[in-house]
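Both complexes shown next keep subunit A, but they swap its partner, so subunit B is in the first and subunit C is in the second.
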Partner chain A sequence: MLIVYAILALGLMGLLFGLMLAVAARIFAVEVDPRVEAVKDAVPGANCGACGYAGCAKFAEAVVSGEAKANDCIPGGEETVKAIAEILGGDIETSVSPVATLFCIGDCFKASDRFVYDGVQDCAVAGEFNDGFKNCSYGCLGYGNCVKVCLFDAIYMGKHGLPVVDEEKCTGCGLCASACPRELIQMLPPGEEGYLVLCSSQDRGKTVSRACEVGCIACKACVKVCPVEAIEMDGKLAVIDLEKCTDCGDCKEKCPPGTIHRRSAIPSEADALAAAAEKTAESA
Partner chain B sequence: METLLSIVFIYIFVDNFVLHRFFGVCPFLGVSRKMDTAIGMSMAVIFVMAMATLVTWLLYTYVLVPFNLSYLQIVTFILVIASLVQLVEIVLRKISPTLYQGLGIFLPLITTNCAVMAVALLAVRQEFSLVESVVFAIAAAIGFSLALVIMAGIRERLELAKMPDVLQGSAVTLITAGILSMAFLGFKGMLSL
Partner chain C sequence: MGSTVFKGGVHPDYNKEITATMAVSPMKPPSKVVIPLQQHIGAPCEPLEGIEVGSEVKRGQKIADSTGFVSAPIHSSVSGKILAIGPYNHPLGSVLPAITIEPDGEDRWDESIKPGGDMENLSAADIRNIVREAGIVGMGGATFPAHVKLTPPAEKPIDVVVINGAECEPYLTADHRVMLEQPEEIVFGLKAIMKVLNADKAVIGIEDNKADAIRVLEKAIEGEENISIAHLHTKYPQGAEKMLIQVTTGRVVPAGGLPMDVGVVNFNVGTAIAINDAIREGKPLTERVVTVTGSGINRPANLLVRVGTLVSEVIEACGGMKESTMKLIVGGPMMGKAQVNDDIPVIKGTSGILALTDQDMYLAESSPCIRCAKCLDGCPMFLSPTGIAQFAEFEKYGDAEKLHAMDCFECGCCSYVCPSKIPLTQWIRIAKAEITKAKKK
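Showing the complex of A and B:
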């Protein structure tokens, strides 16, 4: 008899709770636009916040309500825009997502250190401590705050002490740019053409040349040689306007420390390691 | 009143659910990576533990005991906690979307949290009154939150610390949890019911 009571009691309770849940689900039903779910599935789902909304779910809501545009999702790129256009109907213009570019080529062989830093392994902390352990107080410290923040595994820390961007994987969300305490990363439209001054130092030329072999020494040689006036001085740093740049390469020829490089030929990790090996061979 | 106060003290510090009884170690290790999530989880646990204990105590005292079915308590409590969490989730979603968003994934996660189950079972085993049971549940949940928040604070610092490769990640987390538990042993014997 006991077992019958037990079965009855549990069965009744189960039924009761089930009914209660069913009624509650009916009473407290929240209407959700099925398109919101569809859009949420179409975006990358990294919750990076590059669109300006709190996560992909919020972005999906905003897109469906017409508040946000489909191409506001930078990491999604063209594919996502097309997928969203299919869900919502109508044409949506596509845009190309930018690529992260590091404006410092002072790797651990070319830019010298002032002291041995042994503290918290974080760029922001290392940079606060006596202006950083490098002689250059503008250059990359190489503790990889940008690497830690990347949601797409598109940046890794190279053996030469500078982060390397994998352009294939980079979605242009800009999280790394805002994570860098020295603001060394800029988001640029993708492309191989045009030249860049790969330095961010605002120090005087003398200070720069003592600190780094490849820093901009503000000699203005590039400004003078540029045929289209695409180069301007921003304080003690030459800056090339990519929109005006005609890709002639005169500035690269004239640059004494070799700070200027074509975008397709930015010194890679392998280049830096090879140069360092050559240097040690020479001195030995 | 004195009993209530000692229940609060005992289950926050002396008999801490995570660090002394080792209940709910899974969320303790799982959601203690960031302070935000730890606090979100804590809030959800306090809420659910108080609700669950209230309902299970009433059910136990007024249904299971009179019908001589108290041996069914584990099965019944699982049923109650699971459906209660579901119900709360449904209601919250409608009434307070912000709170729903805030608690987020933690609500359904709690359904399978053994600390919630333990609190309901212990409340009837210790023969607490209704008020004592609810106070006990809240205190236990606060104890859980305390452990979680301490752990999250330590882990946020560990992220930045220099560490031998072998210790990185889970290894150092488990060691930290052990040391934390030993530290809480210091409360042992301070107070008992």
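Showing the complex of A and C:
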């Protein structure tokens, strides 16, 4: 008999509380735009922060409220923009996500070291100690702060001591660019055309040529040869304006240390290793 | 008297026998001196009026000073002509302004150098002024201006002066040698300090691996009722301010506090000698004893070196450096700074120059923390080095501060004992720098 009372009592209490909860849910209901949930599902969900909002959920709210644009989500790319357009309706301009490009080709074979660094394996820390262990105080230190922050596994540290960007995976979020203490990574629109000066050194030419085989020595040969005046000197460094560049390649021909490369032919890890092997074979 | 040992710490190989029996010999005058304008903790100095390229200076002449209170003037260590005023490599790892002087070989002293008079006739303020004008800083390596320590605020009276003769850094024997060779000067300097501070007691702390120095100083203080010698257990970092005060007086300096908070002030034996020289002979601090040692040095020695002498010349005077040298350190192996090249001057705080070959050292790969807690046992400040280091690695400097990162004085015990070879001290140093930076904002 006891068990029947117990079941009845608990059953009734359950009903009562359930009723209370149902009423409370009706009275204190929070209006949620179903579109926010839909947008949240459409974005990549890496919480990378490239849009400038605190995570993907906040971004979704901002897009629905009209505060943010759909193409602010750089990692999502075209697909996400289309998906958001479908959810919200109307035309939304798409944009192409940029690609991380390293403005240093002074790998561990071409840029010489000043001393053996044996401290904390972190670019920012290594760079603080006596201006870094390389002779060049602007170049890549190769401890991979950019690799550590990438959420999309799009950068790895090459055997030649420089980070390598996997353009397929790179979403253009720019986390690597802000992680680099020497500001060597720039986010550029994707493309194969145009030439770049792949160096960031502001040292005098003499200092650069002592420190690195492929550093910009500020000789201005490229500035003089450029037919469309797309190259300007920024201090002791030549900078090519990609918008003006006509892809003629005259500057690359003239560049004495070989700092200038076409975007489609930036020296890869394999190139660097092959060049180094050739050099050792020569000296042996 | 407290216990003669503190908790934590490590027992590294001391390697002091290389130079312990070598008497201090003056190094031949250098061919050039480079005198940095920042050789102390505090405000950097500015060249005085009339000190410019081409002007003649004499030995002991004041060439730079600052209006800041926490600062110490800088004197020329040779007589000669100023070659340049500009940035030069500094042993602390950056490029700082310095005055380069070419000696004329005559070593003429400046006219202003004259004895300060009898101690009985000098007031506390006189002595304090002599110490400041002589540019005396803590010679143990911290280079804190001595006159600042001699000016405690009125609400914090000093009753005990502790003289640091522990010299716990491996390899270094500079303090050991001066204790053997200049005991009387140390006691005179100590008495001057006691007079300025009105302290009625003094303790000289010496590690028991320097039994001969203890004997010599015990003889020197015979008849002095208020000066005693503490025989300290040999353990690193016995010579660190807080550890030394704890074992010699039994007082514990509070976290974030200074020795003066517990009525103690602490001077190195070298500083006591510098104060002696300033009062008795009027000489400013222009030279110091440097231990040049390590397996990479051909003829290790204890040298009396002029401030501003280039390390390359000092090493040359010791028969040069071996080919197999891998690391050059200014200071001791535990707290000294590794150098990028030998084109750096000896400064007031340079107690040693150490060259290590591949026999003594190897480059270790660090591996993840295995939570063995050896660093916690080794830390003399009872911190959690691994915790602070991990917060530093993930840039959580606020959390590192909550673990009292600022109480770390970078003795290096944690890095020394770590079986995973994690550069703990270096991470903590980064955390400290970031915390200080955030506070300044």
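Everything below uses one rule, namely that the second predicted complex is superposed on the first by the 255 of 284 C-alpha atoms of A that agree within 3 Å, B and C clash if a C-alpha of one lies under 4 Å from a C-alpha of the other, contacts with A are read in each partner's own complex, and residues count from 1 in each chain.
Note that contacts are C-beta pairs under 8 Å (C-beta built on N, C-alpha and C of every residue); 3 or more make two chains touch, one makes a residue touch a chain.
Model, not experiment: these values are computed from the prediction.
Asker: Quick one: subunit B or subunit C, who's touching more of subunit A?
Answerer: Ranking subunit B and subunit C by residues of subunit A touched puts B first.
Asker: Once the shared chain is lined up, is A:Glu282 touching subunit B (first), subunit C (second), both, or neither of them?
Answerer: neither
Asker: With the two complexes superposed on chain A, say which partner A:Glu192 touches: subunit B (first), subunit C (second), both, or neither.
Answerer: It touches nothing on subunit B or subunit C.
Asker: Go through the superposed model and pick first if A:Phe17 touches only subunit B, second if only subunit C, both, or neither.
Answerer: Touch status of A:Phe17: first partner only.
Asker: Quick check for you: in the superposed arrangement, does A:Glu229 touch first (subunit B), second (subunit C), both or neither?
Answerer: After superposition on chain A, A:Glu229 lies in contact with neither partner.
Asker: Counting only touches as set out at the top, which of subunit B and subunit C does A:Phe115 meet: first, second, both, neither?
Answerer: A:Phe115 contacts subunit C only, not subunit B.
Asker: Contacts for A:Val125 in the overlay, against subunit B (first) and subunit C (second): which applies, first, second, both or neither?
Answerer: both
Asker: What part of subunit A is shared between its subunit B contacts and its subunit C contacts?
Answerer: On subunit A, the residues that contact subunit B in one structure and subunit C in the other are 118, 120-122, 125.
Asker: Taking the touch rule as given, give the residues of subunit A at its contact with subunit B in the complex, in rising order.
Answerer: Spelled out, the residues of subunit A in touch with subunit B are 2, 5-6, 9-10, 13-14, 17-18, 20-21, 24-25, 28-30, 118, 120-122, 125.
Asker: Note which residues of subunit B are touching subunit A in the complex, please.
Answerer: 63-64, 67-69, 72, 75-76, 79-80, 83, 86-87, 90-91, 93-95, 160-162
Asker: Any idea which subunit C residues touch subunit A in the complex?
Answerer: 93-94, 326, 340-341, 363, 366, 393, 423, 426-427, 430
Asker: Considering only the defined contacts, which subunit A positions touch subunit C in the complex?
Answerer: Residue list for subunit A touching subunit C: 114-116, 118-122, 125, 129-130.
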